[in-house]
């Protein structure tokens, strides 16, 4: 039985690397995969899945208009669908991907983060966590050495930002992973 | 470091049994636990955590007015907080429980289901999935033998119900767990 | 596809409770399970799976002569095989149970501990860990509050025992779970 | 508390890639890791951890004489020990690495396979599975599409080998991952 998988982590854990490895593993068997990434995320150029270890490859992009169920029901011979930056999926798209696994019978593996810089859920991620047949964590460490679970937005001068839009990729912001304790300690001080 | 745990399953997997076992394990060491269940759920009498295997015990009840952070910051010597029917937690309560773990330093273990009879998230469950330091699945089987992940509402004559309120505990409804494939097969036919 | 599962923990985590819950869940669907426990373990009377929460039920016993593959290939209509105290399985029996899952197509769920009071593997447990399709941990706490992974043998006066046979169930010994750090701290002092 | 981790998989899942990613993640924080691989494994040149995606880096090698506890107790400032091809560890070395985590307080993450081409445990892997504080699976697929758990040795003409030494890296053998069912189906036919 095909399944919907959600492999989540905090920022900078190696989700794209893991995705590229799964694609490699399928293709080594001569099987075909279908890779998507979010159009909105163009940190490394639009339409690429990029591992910080070096490897990158082209991918289809999705935006809110992408109709995964229709696209994938018209494609033959897909062994697996792989989606990077899956926190940017819309709620309806997650429902469609759940049907891709359970009605079309194609495994779907989504990689993404769970919460934004304020600790709020990305709606797509919350829906993936709700419907996934298998939820798996890719671990990363906080600067304090504990497991990171939260994401913090930092401006160009390294200062934590506590207000703003949920999605900010442009400009000089970057994201740092933290454990729950550090997330609140800093928050108390600076927010 | 204390953590927030979410141990989820489909209906009828044995969540209450698992909670009672964890309470027993702590108390065997002479440590004190604090047990809550949802006031809204009175299938087995209000204020009880009841295992279908037989054991049951009294528990504090929570409703939307319960202020976990304040209650627990005024209590000494709690080794662990255990919450049954955690899908009924409010979003703010989940945020507070995350702070109970990471600011007060008390482990919090929540047991609940993820989605309702229409496959929609319970808001409290979606927030637990987003913030939990550890997400663990208690497995149960669909009538077809596969792992159950979805919940179906059935009326007193055994017919699947596809419309209604998210929460319905009164009367003659009951809930049956299903795998994703069976969930949609039936849905297509009857919905 | 049927699988071989190994659900392990340190002592006193609630393995028998979990087994009884799974049996209940299958039987609630009108499906038949086959339950075994080790003949060598008669702490609660031979031939019973006993939850410390109260529930118990009769089970077939296995010893080194039990031929699981032959027994189970002659039985119809078994939805699941459940084995308690699985650390006492022989290596060949674990190989047979792997074949029960993958050749006969019957799911096998084994519950047991991993290591003895000296931190040495039980051969049956080591083979289960090697062959299981799914390895899952039932968690329990050390007296210090951390996750317990090790097992300590204690005599009737509460003193840690560091020498003796791998299996000792008779008499006044009992077993206490510990985390790795406490296991070595005490060991250094007393061994 | 530092832990001993064992991240296992069947062959060709991407263990080395995962190890390199963890190293990268630590170093990105300015923290130092210590990487070992087995001297016996020189498929990609001795003393390298090599991802099939491309990235590789030099690593210390271990053989049966390596005394991890002494080496690591003399080294300052190691945030994490990473060991590739950990199935080749000796039993005593695994015990030492457990002490590195719990006495020296340094996290140790081991990557390896569990069983050889005949389904027999590697002694080092069996001991890691017994002592690890955290056991995590890196998944890979069998040619049939199911999860691979077993490893098969194949000669230069693609024929399955069912007899030979546990360790064979020289010459023209290679290894292919399989699920339990395919492992036995082929075995019955050819062995």
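A, B, C and D are the chain letters, set down in written order, and residue numbers restart from 1 in every chain.
Please note the rule applied: contacts are C-beta pairs under 8 Å (C-beta built on N, C-alpha and C of every residue); 3 or more make two chains touch, one makes a residue touch a chain.
Just so it is clear, the model here is predicted, and its values are computed rather than measured.
Distances between chain centres, each the mean of the C-alpha atoms, put B farthest from subunit D. Taking the mean of the C-alpha atoms as each chain's centre, subunit B and subunit D sit 38 Å apart.
The geometric centre of subunit B is 27 Å away from that of subunit C, both derived from CA atoms.
In subunit C, no residue touches at least two other chains. Taken as a contact graph, the chains are arranged in a single closed ring, with each chain touching exactly two others. Listed by label, the pairs of touching chains are A-B, A-D, B-C, C-D.
Interface of subunit D with subunit A (complex): residues 12-14, 17-18, 20-22, 24-26, 28-29, 51-55, 79, 140-141, 143, 145.
Taken in their complex, subunit A has these residues touching subunit B: 1, 3-4, 95, 98-99, 101-103, 114-115, 119-121, 125-127, 129-131, 133, 135, 137, 146-147, 149, 179-181, 183-184.
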